[in-house]
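Structures are listed in the sections that come next.
What follows is subunit A paired twice: with subunit B in the first complex and subunit C in the second.
Here is the complex of A and B:
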């Protein structure tokens, strides 16, 4: 088989997925960007207003606040989910019974729908009958009790544990498969050379799975920028926009205040910001061979 | 052999995926008039377990049984979901044949978008029914002399439900003035009882159930209607700022429990029925759900009143915020046999029998009907007695533009957290002004 045949085969094999992707993802993104140039309430006429929506967006203090919230989420995900999953993967990648049980336990939240997770954690944080406040009372730490989801200063941080809890399982699985793919000879070579523990971890294991870590980071950033359902269920973006994310703000603008044009502007902004962040993260973590 | 099996499995998978992806919802398209069966799509918000939803679903079932040649495709969604779905359908021009619709701003917008047809002729054909509605019932469904629906219930949104036992236990007088209300709040706080339960996660609750009435007490209705039209009054006027500050005062007196912005309407009623809170402010619709979910003792101990008047306020004392209830919108595209079938269903749900069924499910109606005390829950009887002496004033979210409603809902959350009343007033003013102009 020469390389042209191989290339042609690859092109043909990828074509169906690419077409579906273009139709359902790529084109709607462009369509949305088109709508962002209009002022439309969803019913009746749409009037063309050029880049006015974007001007309004740049001056919208709520937008910048939500961007800040999203950055908090991205940082919490990248610095929380990825290292935690990596740590758990390193402990749990062998295959005896206890490890397999623990892996399943960590993966469980992925199986639950976000609505269920949101409702469970809502009750954990409930000011009167929540488990968290109850436990704090029992441990005589009542002074640490706070209004977890009501206080605008800490509400956004209260949303991080459910977020991390629900997605750690995904990255755990990715890292475990990466770790299990490290050839066994390296282990033996390391033993012979006397590399143990942390030296082995940092000089051998991590560099071997660095590509996977990069992929995990992309997934993490993209996922947390799209984050919508958890926040929508738990706080609706409140109180008074304290936990508003880009996606919930876009949803509100489109479906609560009926400004489809402005909502499209926000979603186009999300796409641009995601591209910037992912590009930056890839550049920062690329390793020149 | 193995290759064939693999191909077969892949083919099956594709078929299953495609079948799962195909949607089941039908568009509001026209059906052939010559056909025996007429299909009607109806979208509603009777999805819960409250008495009214149960009664409405029964009417639909009975209608289906009595009219085998009309096939009903029913979609029931919770209120917020229904409103969103109607709007997306409107944007895609795929409206259902009949749908639950709110009076006031929503009706106006749908008329502007050319989605509804008037029912003036149908009403005139059934004059007796038309004339039996209470005064001004049809006003909020009327645009330019065309009437687009009739109300199927009456929704005072601001009623003070209180636990008489707790009031007696702590020797608290049922408040008839604002100061007495603040006193009651203090006494309950001193005894570790939540004075008023509030669940403002969905952020319309504070505005609709409490602030609309407080606003009216301070500013009077005339001022409000002018401010909505931006015609001689603006939301930055001192009387509105005063109303905001008064509400902030109530919050600062710790009338509400901690964390009120993180629980929703259902959980707030739970706090009341579990006797952790002495009062809860909610709409008339709460009776239908209390009747089905609260204990016998709780129902007996509950009484209903309205918010007390405010010193020096311009509003009338015996009023409370509310709106005539939801109606049914009729799709503009209906005609011929399909339209006849739709109007038949309309009459079954909103006609005299439908109104009676609603009343018997402990829900107020905008129709002149005598309540049969033997069939009604005692709590509901208390409510109807109260409503006989109470006039309805407009609830804010039925008159304001959706942008202003967003601004005031978020603004009230901020206000109760200590925000600045003047800033919030300015934001509401800006939102309403840009929507009107």
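Here is the complex of A and C:
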């Protein structure tokens, strides 16, 4: 078969994927950047206003507060999900039935829709019929009861358990694969040298999977920036922007207040911040070698 | 403790008990954690079978009577049946398109060498870094202009597009492990490239294709953001969107909401229970893109 036939096949085979992907993933980002230079309510004329939207964004206290919330999520993920998943992985990486069952149990939330997760946790935090308040009552700790989702000071932190619950399974499985990939000889060598328990853990196991831990942290960061569904379902970003995230703020700006231009600005800001964070974490973790 | 002490038979019982204790504590913790982590789901399903009255008064006991009405009402009056149909159509269509497109692309990427190959692979990898929510606004505008808002295509196209990188990653990796002799025989026989693709490559990639199918299906089934922005006609709402409407405002018919939620998670749970290994491996492979 001649090379023209091959070339044509390659082109035809790749074209649909490339076009679809470019059209729905890449180009929108560029368009977003383009629209961010306009003032537009979604219908009618859009007026070009240059970087005014960006100036407004930088002076927008809600934007900065939102960014802070995203940082809270990122920290909670990196400091919460990753260590927890690591701890669970160390206990659960062998292959007997109970361990497999527990692994599946921890992973299960990953296959549930975020809507269902959000609603379940809404019920957990519900002032009257919620599991949390019920348990506190049962433990005679009723004084600790709070308005978990409507108190502006703690709402954002109340959102952390659902977040962790949803995603810890992913990191668990990632770490388990990494742990299972540690060559058996290392285990034997450790035994011969007399390294056991915690010594073995810190001096051998963890360094061996450090690469995976780094990847997990990057994933965490990228993932936390994507949080939208959970917050939208549980609090809509309220009360009064207390739990607003970049993505929900963007959504509200565009579809609730009809400021497509400003919404696009926030959109573009999300992309820039994501790339910056990922780039920085890549750079930081690669230097460690 | 010095090495000698560790090896000494007298120290053995000391470390043995310590290890035993740590081991037991670890297992108690993990069992409690396992129960806690499953409990919300368990509570959801149990509660869906309760009547509203019992739900309010006894949120944590087993249902006195197993009420099925909630499910029937949810399916008919609250239009969960329609939402189910929409979700199924959209998920299956996205699945098919993803399989076809990623299959072709992976075949080319795994088996052929051409000038722009590296760039193409980079293209898909970089795309994975793009936060999907940044595409919501421009896609909304694009679809409005193409008049495909509030149609099935408004969801099928983006779902397929965003599923491509993971699918291509998984398939390309799998195809690379297949020896080339398999197609070579077919080429020598004169089979066309298309013939080789459909009659050899696709069937051989079945395991990887099934992983991709499951992942794409789950992501399409569970997606909320795109459905929220691109679909407003109630006859076209997919399950997550329909269920989320129960969360709005003045919904106090908890049993109905719970029944609707339970119905929507049944397919996901069934798929997970049947294909556990594949789901877990697939989702982590997609996330850890090398």
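One rule holds for everything that comes next: the second predicted complex is superposed on the first by the 263 of 289 C-alpha atoms of A that agree within 3 Å, B and C clash if a C-alpha of one lies under 4 Å from a C-alpha of the other, contacts with A are read in each partner's own complex, and residues count from 1 in each chain.
Assume contacts are C-beta pairs under 8 Å (C-beta built on N, C-alpha and C of every residue); 3 or more make two chains touch, one makes a residue touch a chain.
Just so you know, these numbers come straight off a predicted model, no measurement behind them.
K.L.:
After lining both complexes up on subunit A, report clash or fit for subunit B versus subunit C.
P.N.:
Pair status: clash.
K.L.:
With both complexes superposed on chain A, which partner does A:255 reach: first (subunit B), second (subunit C), both or neither?
P.N.:
Once the two structures are laid over each other on A, A:255 reaches both partners.
K.L.:
For A:81, using the defined touch cut-off, is the partner it touches subunit B, subunit C, both, or neither? Pick first, second, both or neither.
P.N.:
After superposition on chain A, A:81 lies in contact with neither partner.
K.L.:
For A:66 in the superposed arrangement: first (subunit B), second (subunit C), both or neither?
P.N.:
neither
K.L.:
Which chain, subunit B or subunit C, ends up touching more residues of subunit A in the combined arrangement?
P.N.:
More residues of subunit A are touched by C.
K.L.:
A:125 contacts which: subunit B (first), subunit C (second), both, neither?
P.N.:
A:125 sits against subunit B, while subunit C stays out of touch.
K.L.:
Which partner does A:265 contact after superposing on A: first (subunit B), second (subunit C), both, neither?
P.N.:
In the superposition, A:265 touches no partner, neither subunit B nor subunit C.
K.L.:
Please indicate which partner A:24 is in contact with in the superposed arrangement: first for subunit B, second for subunit C, both, or neither.
P.N.:
In the superposition, A:24 touches subunit C alone.
K.L.:
Please work out whether A:148 is in contact with subunit B alone, subunit C alone, both, or neither, and reply first, second, both or neither.
P.N.:
first
K.L.:
After superposition on chain A, which segment of subunit C among 97-105, 187-195 or 259-267 overlaps with subunit B?
P.N.:
Once both complexes are placed on chain A, subunit C clashes with subunit B in 97-105.
K.L.:
Name the residues of subunit A shared by its contacts with subunit B and its contacts with subunit C.
P.N.:
Dual-contact residues (subunit A): 122, 128, 255, 260.
K.L.:
Residues of subunit A touching subunit C in their complex?
P.N.:
1, 5-7, 9-10, 13-14, 16-18, 20-21, 23-29, 31-32, 35, 88, 91-92, 101-116, 118-124, 128-129, 131, 134, 165, 169-170, 173-174, 177, 194, 196-197, 212, 215, 219, 222, 225-226, 228-229, 232-233, 247, 250-251, 254-255, 260, 263-264, 267-268, 270-271, 274-275, 278
K.L.:
Tell me, which parts of subunit B touch subunit A in their complex?
P.N.:
84, 87-88, 90-91, 109-110, 112-115, 200-203, 257-263, 267, 271, 276, 402-403, 406, 410-411, 413-414, 417, 419
K.L.:
Help me check something: in the complex, which residues belonging to subunit A touch subunit B?
P.N.:
Residues of subunit A touching subunit B: 41-44, 122, 125-128, 147-150, 152, 155, 235-236, 238-241, 252, 255-260.
K.L.:
Tell me, which parts of subunit C touch subunit A in their complex?
P.N.:
Those in contact with subunit A are residues 3, 6-7, 15, 18-19, 22, 26-27, 30-31, 33-34, 37-38, 40-41, 43-44, 55-56, 59-60, 101-102, 104-105, 107-108, 112, 114, 120, 123-124, 127, 129-142, 157-158, 160-162, 164-165, 168, 187, 192-194, 197, 218, 221-225, 228-229, 239-241, 243-244, 246-247, 254, 257, 261, 264-265, 268-269, 271-273, 276, 279-281, 283-284, 287-288.
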